[in-house]
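The letters A, B, C and D name the chains in turn, as written, and every chain counts its residues from 1.
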Amino acid sequence: MTLALTLFTLIAISLGAIFFLAGTVGLLRFPDTLTRLHALTKADNLGLGLIVLGLLPQVDWPVGGLKLIAVWLVVLLAGATVGQLMAKAARSDAWNGSTDLEPPR
Amino acid sequence: MSSVTLFGLCGAALVGLGLYGLIVLPGALRRIIAFNLLGSGVFLLFGVIARRGGGVIAGTGSDPVPQALIITGLVVAFAATALAVALLRRLLQETGRDDWDEDERSDR
Amino acid sequence: MDIADFLLAAAVFVLATVALGLTRILRGPSDVDRMMAAQLLGTGGVAALLLLGVATDMNAITDLALVLALLAAFASVALVADARRPEPEPVPDDAHPEGKTRT
Amino acid sequence: MSAALIVDLGLTLLILGLGVWTVAARSNNGAVVGYIAYGLLVALVWVRLAAVDVALTEAAIGSGLTGLLLLGVATRLPRSARLTRPPTGLGTRLLAGFLSAAVAGGLAAVVLLLPDPAPTLAPSVAANLPATGLGNPVTGVLIAFRAIDTLLESVVLVFAIIGVWSLAPKDGWGERPGWLRPAPLGSALTLLAQLLPPIGILVGIHLFWTGATAPGGAFQGGAVLAAMWVLAMIAGLARPPAVSRRWLRLMLVAGPALFLTVGIAGIWLAGAFLAYPVAYAKPLILVIEAALTLSIAAALGLLLAGPPEHPSAAERQP
């Protein structure tokens, strides 16, 4: 059982780390703001989510585990909201003043 | 070289960087940011001194007295920044500009 | 390999990855792109702190991750909230007839 | 070179790189965003320096609240100020460069020549901490051993508020602070401002409470509470209170006033200003911390809300 849990931790955290890598690569390589935002939200939600999932068997319950879940919920909530707001801002004309390129239409 | 010394050198470099920005940057906002850089360099130097004096109490690796000074310092730095930003915004309201050099930009 | 070593290695990996993303701050082109890099750094920092907290068995580091998570979103909200407002124009001189205190 | 040193070297280079960016960036917004990322990384350095209390403060105040403050003004600067500006003359820049390099070099030399063994007050703190009933030595220093610093510091916050409020326009006095006008952002922000504060308030109270035994305390808890209040104000769910309100002013001074009262009572009860009678040290400290947390939260929130403005100023000014 312990071995299975350890294995679970290893796999989930490795996957989470890979999502962070993918999110970064997307942020750096994708062609425009909205697609980059798409890459970012994947790292936020899945990357951190998988890492939290992997850590859950390794902490004391209930306090430690609930704290981890609270962190994930906060990031999920904030990421989803801010993602939407950023998408709006990226399309808004108000941004042309401080943008080097035209925002995507 | 140890990590602690490394962070100490980082703090020293940040003080220099902040000072440079404070002198040469145009615009009050950028000077406020530079001032904050300078401050955080000083705090880092304090932190290095705290770390070097630590390791005595079980569970804390850092001298608590400088740590407490840094915490109060951070809050005071925030208060000073808020006051500076308030002055800047008032300047913007009155003149529409973020600087006070009369001769250079009087043609606006 | 000890599980704590693995967690520490994962923390360093995540941090190094999101640090690479910071080049977006340099390249822009828009402020939204820059803010995204800062937000990715925030999330990555939270992940690294959680891993570090469990690896070293320090509850306080998990608290720090929680604070970071709460406040990281905050700055992004501020940026987009302010960006939606129209560009400020200098106030005409007659708006503050006696407010001028130039030297 | 050990693995830890490589990580720390990477952190240092990132911090210095972001520092250079905030000075060199062309756009003001870019510089502020760089500064926010910089604050995040500095919080990680505090963890590496075994100062989690400081890391919590830096994450909450140094990066979060300062970032909001700076962004709020950066996006209001006139467009002409954002683009090309007349650069400072080459001579000034060279001179400033030499001066800054000399100061940095001097400090670096001091760092390299720090005495060994390092002077420390940690043993005295450890020896006297049990008398306060606290488990967190940093809170012990803040509220008991160096209480005078903390008292003055909490008064400084009140002075800062007075300073900001005194910048009110002529017809603004007594009105509501004007910086945090709700942005027309729609339901997403409203949802965030409804769901996040309950968690944040819980975290803020947890930080204050745990500060007695573990990293945390009045400043960190107060900063998180202030952030949640400000979020509600940005979303339009809470209006900033008019600065003439008596309850607001009472809340602002409650922490420092209680601190001072207990401190003066200490002259008779414990033989010295700001000393606590040993039997009641822990409960007294907790009460002071609770009042301080509230006052700090109110002060930080009001500093972010800015000076009072006449309601009609909203249409007329940025």
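One rule holds for everything that comes next: a residue touches a chain if its C-beta (ideal position, glycine included) is under 8 Å from a C-beta of that chain, and two chains touch if they have at least 3 such contacts.
This is a predicted model, so every value here is computed, not measured.
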Distance in touch steps, counted as few as possible, from chain A out to chain C: 1
Pair exhibiting more inter-chain C-beta contacts, A-D or B-D: B-D
Inter-chain centre distance, chain A versus chain D - centres from mean C-alpha coordinates, in Å: 27
Approximate Å spacing (C-alpha centroids) for the pair chain B, chain D: 12
Gap in Å, rounded to a whole number, between the CA centres of chain B and chain A: 30
Separation of mean Cα positions, chain C and chain B [Å, integer]: 18
In chain C, residues with contacts to at least two other chains: 28, 31, 35, 37, 59, 63, 66, 70, 72-73, 77, 79-81, 83-85, 87-91, 96, 99
Shared interface positions of chain A, touching two or more other chains: 70, 74, 77-78, 81-82, 85, 88, 97-98
Of all residues in chain B, the ones touching two or more other chains: 92-93, 96-97
Touch list for chain D against partner chain A, complex: 27, 29, 79, 82, 185-186, 188-189, 191-192, 195-196, 199, 203
Footprint of chain D on chain B - complex, ascending: 1-21, 23-27, 29-30, 32-34, 36-37, 40, 43-45, 47-57, 60-65, 67-72, 74-83, 85-90, 92-93, 96-99, 104-105, 108
Chain C partner contacts - residues on chain D that touch it in the complex: 3, 7, 10, 14, 17-18, 21, 27, 29-30, 33-34, 36-37, 40-41, 43-44, 47, 52, 55-56, 59-60, 63-65, 67-68, 71-72, 74-79, 169-170, 183-185, 189, 192, 196, 199-200, 203, 206-207, 210, 214-216, 220, 224, 227-228, 230-231, 234, 316-318
Chain D-touching residues of chain C, taken from the complex the two chains share: 12, 15-16, 19, 22, 25-26, 28, 31, 34-35, 37-38, 41-42, 45, 48-49, 52, 58-61, 63-64, 66-68, 70-75, 77-85, 87-91, 95-96, 99
Of chain A, residues touching chain C in the complex: 6, 9-10, 13-14, 16-17, 20-21, 23-24, 27-28, 33, 36-37, 40, 43-44, 47-48, 51-52, 55, 58-59, 63-64, 67-68, 70-71, 74-75, 77-79, 81-82, 85-86, 88-90, 92, 94-95, 97-101, 103
